[in-house]
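Heads up, the next two complexes both have chain A, just with different partners, chain B and then chain C.
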Partner chain A sequence: MSTTAPVEDLTVDHEVVDTTLSSRSRILRAIAYAVLGLISLVWLGTAVDGGTAHLVFDGHTVGLPAKATVIVVGIVILAIAAWQGVRGFGRRATPWAAGIAFLLFMVAFFSWVSTQGTNPAIDVVGLLQNSIALSVPLILGALAGVMCERSGVINVAIEGQMLAGAWAAALVGSVAVTWVGLFGALAAGAFMGVLLALFSIRYLVNQVVLGVVLNVLAAGLTGFLFDAFMANDSEKFNQPGVLGEIDIPLLHSIPIIGPLFFEANIVVYLTYILIFGVDVALFRTRWGLRTRAIGEHPKAADTVGIKVLALRYRNVLIGSAIAGLGGAYFTIGSVGGFAKGITSGNGFIALAAVIFGRWSPRGATAAALLFGFAIALQNNLSINTHAIPSYLLAMLPYVATIIAVAGLVGKVRAPAADGEPYVKQ
Partner chain B sequence: MKLELRGITKRFGSLTANDHIDLVVEPGEIHALLGENGAGKSTLMNVLYGLYQPDEGEILIDDVPVTFAGPGDAMAAGIGMVHQHFMLIPVFTVAENIELGHERVHGILPRIIGRLDRRRARREVQEISERYGLAVPVDALVQDLPVGVQQRVEILKALVRDAKVLILDEPTAVLTPQETDDLMKIMVALKESGTAIVFITHKLREVRAVADKITVIRRGKVVGTASPDSTPAELASLMVGRPVKLNVDKEPAQPGGAVVEVEGVRILDDGGAVTVDDVSFTVRGGEIYALAGVQGNGQTEITEALVGLESVDAGRISVAGADVTRMSTDHILGLGVGYVPEDRLHDGLVSSFSVAENMVLDLYDQAPFSGRLNLDLKHIAAHAEQKVEEFDVRTSSIGHAASTLSGGNQQKVVLAREMSRPLKLLIVAQPTRGLDVGSMEFVHKRIVAERDNGAAVILVSSELDEVLGLADRIGVMYRGKIIGEVPAGTDAEEIGMLMAGQTAENGETAS
Partner chain C sequence: MSTTAPVATPETPAPAPAKRHRSQAWDTALVTLLSFVTALVIGAILIAIADRQTRDSFQYFGHYPGDTFRFAWSAIWHTYQALFYGAVYNPNTASHGTLVGYLGPISETLTNATPLIAGGLAVGVAFRAGLFNIGGQGQIIIGAVFAGFVGFHWHLPAGIHLVAAVVAGLIGGALWGGLAGLLKARTGAHEVITTIMLNYVAINLLGYLLSVRGFQAPPYGQAIANPVDSNAQLPLLLGDSMRVHAGLLLSIAAAVVVWWLLTYSRLGFRLRAVGANPAAARTAGMSVENSYVVVMLISGALCGLAGVSQVLGTNPAITGDIDSGIGFDAITVALLGRANPVGTVFAGLLFGGLRAGSPLMQAYAPNELVQVIQALIVLFIAAPAVIRAIFRLKTSGTSVGADLAKGWNG
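Let's look at the complex of A and B:
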């Protein structure tokens, strides 16, 4: 390689003009911040009519001068917007800036809510607790989606897998002991996974259509079986009980953090493990490398001796079992019994979380938490603030979510072979 | 390890791609496979590699019949392959691509958990890349690399596994002459250590330089063997079945007015790095202007900017009198610009579309292919039939997906489409990459014909012979700049020096 230009010359050694984001995405982000800042300053600023906002943290009430808070927050967010627009944040600082802007905005928003109507105090920790509780099944569903789609199989059937899991957990938990229901849920999810894998990988059925069909199948089947015997004889078949709360020693007595994260049931702890486990496995292990390979370019994976179809089967099965576990949270994880359609669309929200989370376990978890928070917020507000038009209320958390997501999530790119069956010649 | 193929037959529907092929490859020999585009060379190799299942015939290793259910089996038997179309995962790093399939793991329970030992993988890649002198940036994403470097990654991928039989399917198509020479040295060294090599290429110089045996395939059948001492003309006519002209025939250019004017153009990539730096040149109608240079020195970017696919940071481009610096691609093509991109599979074709559809990608919305609301499928089919005939595209039906065509035939589809309307400017990047000698002769004739019709032609090629044979004027690019402009007839030596960044005045590396 004497006279050939060395590789460095071709690829790396160029004069670099700007290492941060491209100017387009910089401007887009700046606009997102500016919208948040303006909502806070102009809309909330004029709506707040003075008085003190009360925020409750774990029993301690904090009073904030509402109008001043809202205005200060608005100005700070606009400053972030200005910095973003003019200079831009580095790659590391970008998510922090987005997180801080979002948090500040929520403070302003609560200040406004707290001065409305009956002047309610906002229980922040309680709200976050609800958010996490609502997020757990979303996270599990999203992890299931990530597992499947990273291997190149679109999983629209998360809802059906969760529903099957919820149903089986209730049944098995009733017939045996509550916690055995978890195995029922895993098995039911995996069963739905077998159908998904078989028809998509073997028979090459369009995966989106297949997913929809599987959802309908799960709804019909669990509904029918529920009517057939669970509803009449619920003593025997639909009283699985609820998984007990396990307090982690020491950790659970940390203020705020403890009650939020370490006073929960086994499903929640399994969720922590799975988030961490799937994330590490996907990006740091042989299995993960191969999984990502078959989701990007199955033929290339085949040429280095990876058994593409076998790995896809396996991942779809494991993923679907995880979704089944998420379903168990609806029955033995919370209310202690099955009802028709108990998952009520959570599987579809999980699917959205997969995409907003850019097909990464971490991202999907963050997205699921955000959605969980939005739902919890809406529940909380509809109790606390009768004075405000409910349609506005229902909208606001989602507006905030969308803006935050637009700010955080850049270009979204699915695995290249997502949904494409692999056929050998 | 001795390898034998007996009566291998592979059919795709009604098409017989391999028709009872017999082939013996001895250890320590370089066995060249020659054949036209679509002759069935890649298909045969894919069968040997376990990627395709043969319909008839058997594979013997050291006289023992074997069956390969998949590439895993072939690899286990000691067969390695460099594929004609890269089998690389664009979003993986070079190291990840090379280790995929035989990953190094460490940590607790390494067999079960399989935590990747990235450091060891990187070190191994570094070692092997140094051992063979194939430099690659270990941590770069493959999608960010120029094709020449991707090819090196692909070669390393096969070398790292210590194959006893190594299949190289057109590994030199995207390499520079220097890189090709290096690869041929590696091949000879491997051969001397007992590796058997099957070498597919369309470049007769290479065959003559390294092959020990030559087998020629035409339309799926072995039509004969040749000795490496045969002249290029003999080999060419054996391959194509008729005498082939290996030099370009053309009259001196008769340039008219300026068609393309590029002034002080600067282009940045996504990361803000300068890829084209203050480039200016003019191309007149009726002349062929070549942008020569080692791949990745800005030629791709400047041609993409000419057709509006790359945004220009500074400077000005005009085509046929119109300022196209900020114009959309659609409008630029509408001015009478034809563009043959260098990466046919990604940028030149929609590979899941049929041949006929690919032939009208740029014309589908115009008469006669478009009715008021609908496409006129009859016209589209007739057009495709005629072009397939004219450009000798080998396919059994114009309804087949472009992805099923052989590499060279895909290239012909792109060329046929771009040359099927009146042009003021024709931009061709690596136009004969992967083409057999017969097709190359034809394409060169067509390019010269466009010139003689008064079109300006911009040729980007890393093939020095092609540049010398076709161009009327040559601009050599190095690190984003045109560091020298020379007339046709300049000797190859001087251009080679320029391509390596050495100008006559300084005798030093310009930067």
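Let's look at the complex of A and C:
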């Protein structure tokens, strides 16, 4: 604790990882790369029968010689593995190496998928669009988790907050205008946040227990109120419409990048702002320093005059409202109507993203994107190939999170006071 | 104290142990009862809001308020009456004079309570050792998969087949729970996180199995497994027309075993010691890591039993929703039962009754009402200070799970 507290400008967890990168974890990472390379070279290399892979980028089809692609990718990843094993990558280079290896592997993988069965063309941009669409609520949920847990309150109730937000967005959007539903979602998320904050901070209820109970409560209440109002009067109470797509001038006409990031609805743009905002606020502002202080060592924070409980209340409320916004994406952000259990476990995936992303906004966002990509990939593969059961692919985010918390790829450490109620002596 | 709540708060001194013990038990019972009543009252408000007639009459509330109250009262009365009819005793069906007419509702309550008791015991045992097993869902699924697979794939003589299938289910659940315990013991990975993740792994694994030939039932159109052999099914207790099955006896037996284990056995003492204060237990020479693995094996096996009673009793072919929310309801059962086996049995019966009554109640109010009531009961029990504030009771005792108030790193 004493080693991490004074570090201000760096994300604390990254610092921890880099200082403890032992030869053991260097070797482990090298093995991970090697496995990836060998899968590409040996398994995909033998499975691909030498046709042409078709990858579609924004309407333009790129033909790749499948076999050669797979083999070249395999060799390059093995080279990365060798470098990692012998020399290791520096602090800056590590994410690049991982990113390049991952990207290359996906190219090889899609080359293989494209030569399967009906020889489908892989719509890469479409896949990425789906990934982002699936990631948006995960990112918002994960940011909610980061906000709460950085200030020392465990938030297992992300699912419930999202569900409440989704419900309220549909109701308010129907009664008023679609976009007003966003405020309904924020309010409903914050309402769940009030319960979380009140019971955990004031009544000192175990926060995990509380989160689980709040999830049940949210599922029950939204289901009850859905049946009581929306199910019978759907044109009056459950037709909020869908938020319109806003094309950002100029930016949206950039090829590939444009349709990926700049042709979306307001929730997506709010997500961009929130990712940036939470990250900057948490690590570069007085509020952020205080938040991290009450999450790591509330007593010390209290002695220097920080109002621990008030700040916790505030952060939990803001965080829960963000989760509510994430819920709005399920109703007014995409399908335009509420259904029971519409969030279908996304809150728990968001929780996994918080942990996988080591309680940092950037990490959580990256994890959420990865999980969103895994889900999109699973949807895509279930259409294009039956060689990999989509259910097994769907397990990947969860297995990855288990591996991460088990410390097999670097130590994952929660804020020290996360989940511990603070009682002034 | 040790029988009413997992652990005493170290801050509260214990003057005059015997007298205090009695008042503590009384206090616990009172808070539980008041939590239940408060939850029902809030539920009643929801029923009134959901009732169309009440809502419509509210528009002329200023002119004729009597209507609103009359309609609201009628809606509330009918809803809770239907809940009672579905769960305990229904005079309408009893008038047929058949055994089913009299005992049908009770049979449904017991059938629903069976897996809840087993699951509640599982969560409760883990609580006592200081662990929060949130992975009931996954353990129930894996237990059901093991039991179901043995149930339809093997063909053994009557009796032996049932025993084999039950044991397989216990092993399946124990493996899935033990995995989380092992991860905690070896790497320190928090059990809440790993069990949540293992839930989803299990759900997807089940989804996969239900699409595989040999597991899925022909003609392979639906996600349902082969039906369990009749040799491997738990016998029905009250004849063919009622669903209550011998799984209930297994759950009760499990409650007795857990009670004995926690109260009299050395292992139970060790588990409780680890739960109360791991550092002290370690100093006393107990292996905390080993305890984590053992308790998660036990907890998983009990969830496996819940899966067994689902797949060999209630619903003898595995489907995608074989868990039907029991994994999470078990947590509420354990909290209501204060992590104590006797309390868990009663809590399981209560929530089983709520589940059994909800189909009949659905004619009057959406059946999520049951879920809301359940959540509210547990919320109030976890925060007795709220109930004390509402009913102006004296402050004493501690909340369930207070000993677990620690973070991800703990």
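Basically, the second predicted complex is superposed on the first by the 380 of 425 C-alpha atoms of A that agree within 3 Å, B and C clash if a C-alpha of one lies under 4 Å from a C-alpha of the other, contacts with A are read in each partner's own complex, and residues count from 1 in each chain.
Methods note: a residue touches a chain if its C-beta (ideal position, glycine included) is under 8 Å from a C-beta of that chain, and two chains touch if they have at least 3 such contacts.
None of these values were measured; they are calculated from a predicted model.
Peer 1: A:Met162 in the overlay: touching chain B, chain C, both, or neither? Say first, second, both or neither.
Peer 2: neither
Peer 1: Contact-wise, after the overlay, does A:Thr285 reach chain B, chain C, both or neither (first, second, both, neither)?
Peer 2: In the superposed model, A:Thr285 contacts chain B only, not chain C.
Peer 1: Which chain makes contact with more of the residues of chain A, chain B or else chain C?
Peer 2: C
Peer 1: Which parts of chain A are touched by chain B and by chain C alike?
Peer 2: Dual-contact residues (chain A): 416.
Peer 1: Spell out the residues on chain C that touch chain A in their complex, using ranges where they run on.
Peer 2: Going by the criterion above, the answer is residues 46, 49-50, 132, 134, 183, 186-190, 192-194, 196-198, 200-201, 204-205, 207-208, 211, 328-329, 331-332, 335, 365-366, 368-372, 374-376, 378-379, 382-383, 385-386, 399, 401-402, 404-410.
Peer 1: Provide the residue numbers of chain B that touch chain A in the complex, in ascending order.
Peer 2: Spelled out, the residues of chain B in touch with chain A are 12, 46, 49, 51-53, 70-72, 75-76, 81, 83, 86-92, 96, 99-103, 105, 113-116, 133-137, 140, 144-146, 148-149, 157, 176, 178-179, 182, 268-275, 294-297, 479-480, 496, 500-501.
Peer 1: Under the stated contact criterion, what part of chain A meets chain C in this complex?
Peer 2: Going by the criterion above, the answer is residues 149, 152, 154, 156, 199, 203-210, 212-217, 219-229, 340, 345, 348-349, 351-352, 355, 389, 391-392, 394-395, 397-399, 401-402, 405-408, 413-421.
Peer 1: Tell me, which parts of chain A touch chain B in their complex?
Peer 2: So the residues of chain A touching chain B come out as 1, 3-12, 14-19, 22, 284-287, 289-290, 292-293, 296-297, 299-307, 416, 424-425.
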